[in-house]
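Naming follows writing order (A, B, C, D, E and F), and every chain is counted from residue 1.
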């Protein structure tokens, strides 16, 4: 596939390259300041097991602070993006059921567990670098929660999405019901998907507003995702990260509150060297070089 | 029409079957756990009269608690879905105008009246069971408020929608301006519709995000609506109702607040028998049977 | 072009006609109660200079109170709608940079400056009359902030939109990040645009939900915009302005809060003479005449 | 006791006098436009039984609309104000425990029950007429929730208050934890009371900010409460009810939001005849007579 | 009186000294960086007339930006602080009543008027410099609204406060109902005052939490107020203004939101020279000199 | 001192006893389910150094989950409670100043640092067990932030409190400005303290509402604090922790939202065994024994 060689050619030795750091993810620098995170248990369809929940959180918390990372591409290895929660690894839940007799005490344990899982995906939202999710094949259950916490969503023609939690007897609890409706433009379809567990094909996902672009195959999608990531990585990181943080803030606040936060933000950021560098680059038509952030 | 016989064949004797319970609605069980509510004054184009406002509220409050109902299909009898407010029955408003001299005193009466009408449609939103509105022909004025408070919206090719209140000299006050913009994805069109009272045809309603699916005729729409309702009714009611309640909550709260509410919710619901039943059914490929809720 | 003569023919002498009132805008009455505001520095591509920020604010504050105005059409003179911030006029910013040594003191000045700019566009949102932005050619940077604060957006086929701030090293700070995501239905595309500064063509802008209608050329767009403005201007101004104010309120509040506000609103407005006039006009099929507001 | 005769002397025949209307309350008009509601199961220490929860709600909903009522005094018959929840009548709770096996299903029933109880006390808050709670002796458990939903709190020297719910194994759930901390000025003491169930004596209740005035005995308290109620009842009901509604609104909204709501409110109410009547009365030193509301 | 001579002795020529700038206020610099604003129509008991509403707003907007002002003392000339709204100047209101026939149109005018008045007092809250209100004698009606928008409240033993609006037939609409309850600790007393219009004496105002300190006479109060203002004026203006802005923000937001805003704030302000100057002054025991802000 | 021996006598071997676990804290079990956390650098007046910020966070996160802890008493060893931030350990801040040239980049580092410090104290608020702060001597700067995040505040007669941050050139940023005003009842005094840095003596702290009780000396205070902690520890932990979580929630939400959250909470917790145990204990007058939580 075309986009892999380009990675090999680069052979950057980044602090974030971590072949053996995680058991469920691989993390590579695929272009300057562009990090590629791969869900990497292809033999298990990238199902989300116990290790995954800790690793995905740690990974994006580190990337948020990693000055060598300015944009992230997130994709899945193997046949599908992810099959969602690894049900063979649900012993934690049964442990809770059996560990306590009292409902209130079980409730405290379940609450902590759900909160932990939620925090894992909130780490993507809180990561100050834009995240481009590139989805092929199936994206099921927890996979929808995961990409709902990403910034930009690309997919292949053959991709499909499924909010599957109701099928296993529970309401989706790690972000889909909270983030997806605010990111798209057809509440009727969102609710139909969430109640009925039907599969959402890629083209309907695009017209729903969940997906930004559809590609014929994974190779073209990955190339486009990395190209976009590269474009963003060449921009001022002060400007890009400020844009993400303010977009997140605006989603959850009134316009008035958000304008106030924005004005405070830029009262500092307009003093940054990036503004001068970007302005000069615009005039000289040169490509600006920004310091790490 | 095909979907009616299926109802007759079933001949379920549900507590919610109520041929003579309401003067403006008919309520029938059309499949196990699937309730069909029909706006049933076809000779008046299902215009919303004084009786209607009380009955629609009572109907959905009861369905929310009715364990024999898990999903509701809402449609209109006769030529159209609804022509909106029954203007021949507006004597209440004129009574208020004439009953008092003082502006402040009239204001208190009008406030109470508007609040009553709003509560009637909020009853759909608060009903813990998903509501699929199936619209054919005209859906005017109060009809748009009504379906904005539903979960899922299907319509026929010949359906059209009209926010008509401005034409009669007032701002729409029973939910359209509050709910519709948060359910769709084109504020420019929403405002054009609300200011100009122009008719919104079915296909533009779909691209606006107001409608989930369009059907060639009422029969195919009703069959699809009941099929969808049946699919949902076969799912765990704990999971489905929890999904609705959390989707409603998320619309009106920040993501952080909504995740917290969700985690508290599932700290209880993960202890439900439905989870085990659904999980076992998934493994055995059997259809699970859930207790009433 | 067809729509200009119609203006000339009308030759209304409105208090808001102001050929020489503003240096960056022209303001004309183009139909009864329809005001046309033109960004009017075509030789500078309607770039936003220092004078512009004060004038646009003053203009829309006046229109909000002007009883001869019921709807506003906003367009740009010359080749494009606007090229955004006038960079040759950025001396204010450099004055701040140089006027103070201390970061905190510069910060206070920058905050005040950004707030001033924000207030200029918030004046469109607070203007109680609907504003129809009619965009042709380029709409860049501040132009996107400007039309995000309008009610309805029409554009020509050749129009394009660009959130360009990141390219000059800052996060967009006069409304785009706060208003645009709440007006459309594809967060993935919004974020891609904001991070990468790529141009958004008219058709994608429509499918994104940012634009209501696309026209083949400026003439047909202007005619349609003025026609729509005229339709709205013939409606009850009590009803139209109440609709705008309640739509704005709803965007930033919960449905419950918004229903309460709406009920209080109509407890007064249902006592207006407009209701009676509109109701009688409906029955008599005559065109109603509403008093000024 | 002095305040009772005054009632007898008045012998007003109000629609709200209801010796036999309620089994747990008595409702009397004790002065023009002043309603006295008494918790009236003295032999049971005014414990809150099943009937009580429905009656208190109905009572205050009616008073809110009763034009003959402008202020309410709420007190307890017999030795104490109230001993709180009637534990001998808790069979509803045990019915729920036993009626269902599944946790999720019990949870839905308990939720409905708690919501019902909460609504009963929210009826006091939503009642548009000021409520003066006059407490003597014990005010325990639900009694604290009840008076927290009142406007003004007077008590006798021998009164004490006790948030007792923790002692019976639950967190207080009908309003104390939600309303009391926002009505007083010492969070440290509030939390100590709620965690430890210790009794709060009257003087500490006053310094905490929970009580407005302390009286040596019930007679002097009742006389003062009725005097205050009479003073308020002689004011413009438009002004008084508007004050209550806006105070309630302000507690739960930002100052900006509350000023906006207030301005909309008075844009109507400044047109009321009460303003003119009150202004003229001020000038002429006469007592104004206001129409019913 | 002692504090006047100290002013005379200083004879600072500040840009804010404005003997003839305002007709209802006098503005003087009474100590370095300390501005004294006096309600200055003693012959009219400092009643708030039409000119006042514009001047008080303009005055505090200017002080917010005036680098020679770091703290403001606000007091009243003559016998009392203020008698509130100047009723002899209420022609604006009667003009509105008579200018329009239609309720909705009057409503728009009243709304604008109330909003204008509210903005006048919100100018005190938005002024980034702390305001110490020093009240003697009567503080009635609008006076309570005014000081509720101040930061610190001192009063003399003979001062009293009266929310008098209900007496003239309206709910207080320029800030009292919105700000006062959030600044004090006894909601029962607040509501009693607002409903009954009774006078609040100084000592009860202190125990209510409305007043910080009481003084035997105006002279001692003014000296203490100016002393406190001087202490504050000697602190870092970056620190003091940041404290005010964050206290205001916290009142209207959750603790989480407020901590976020605070952290963004100090991410800039910790880079200010004031931090170094203050730290060095602490070590050297010298008095620091801060640049203007 | 009397309260120390009682600890020694108990000689409980709790998992939370940690003489050598922390360098700045000591943690002991002083009564069944009662944990005593001591700020333990008396030779440095318990100044908050780098180690402290990590330890206090870890400590309260552990206690939140520790089933052997039901209440916490927090006090300071040595002469004072705490002198606040350890200025000799501020090298982190100077490292940031020097590590970067660009304002935006420094800003990101400072933001992260402030957030870390805030999180340390938010850990007390999020700890589900009530925390009783027992303060003697000085409580300065960060000490006020710390105890503002506690539940209950006791102090000795000789204690004083000082918001000292403005004196060192910054606005207090770890919680005081966010939490303290919502916990007390006199905004005028809060602002005076925050702007002027004056010391707040214990008796004024009590009348302000910041302190619950004052004691003549540390010994009597510690005995009372441990007694209160013991009383609370003997209550149902389900009830106590639910009370804390709901009080925290109520502070930051509307009453409506908080009642909803409370009803959901108790829909689970009313099914707990604690309810039955507590009810039976009430009847039998026995002391109930609750399972760990």
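Brief remarks on what is shown
The rule is short, and it goes like this: a residue touches a chain if its C-beta (ideal position, glycine included) is under 8 Å from a C-beta of that chain, and two chains touch if they have at least 3 such contacts.
All values reported here derive from a predicted model rather than from experimental measurement.
Touching subunit A and subunit D at once are the following chains: B, C, E, F.
Number of steps on the shortest path from subunit D to subunit E, with steps defined by chain touch: 1. Different-residue interface: subunit A and subunit C share under half of the residue numbers found at their contact. Centres computed as Cα averages put subunit E at a distance of 34 Å from subunit F.
Between subunit A and subunit E the centroid-to-centroid distance comes to 48 Å (mean Cα coordinates, whole Å). Counting only residues that touch two or more partner chains, subunit D has 103, 107-108, 182, 184-186, 207, 209, 238, 251, 253, 256, 264-265, 267-269, 271-272, 274.
Chain pairs that touch one another: A-B, A-C, A-E, A-F, B-C, B-D, B-F, C-D, C-E, D-E, D-F, E-F. Across the complex, subunit E meets subunit F through its residues 71, 130, 151-153, 182-186, 207-212, 228, 231-232, 235-236, 238-240, 242-244, 246-247, 250-251, 254-256, 258-259, 262-272, 274-279, 282.
By the touch rule above, subunit F contacts subunit A in their complex via residues 65, 101-105, 107-108, 112, 238, 241, 268-269, 271-274, 291-293. Remark: subunit A residues 87, 93, 97, 103, 106-108, 110-111, 114-115, 118, 122, 125, 165-173, 175, 177-179, 181-182, 184-192, 194-198, 207-209, 251-253 touch subunit B in the complex.
The touching residues of subunit A, when paired with subunit E in their complex, are 261, 264-265, 267-268.
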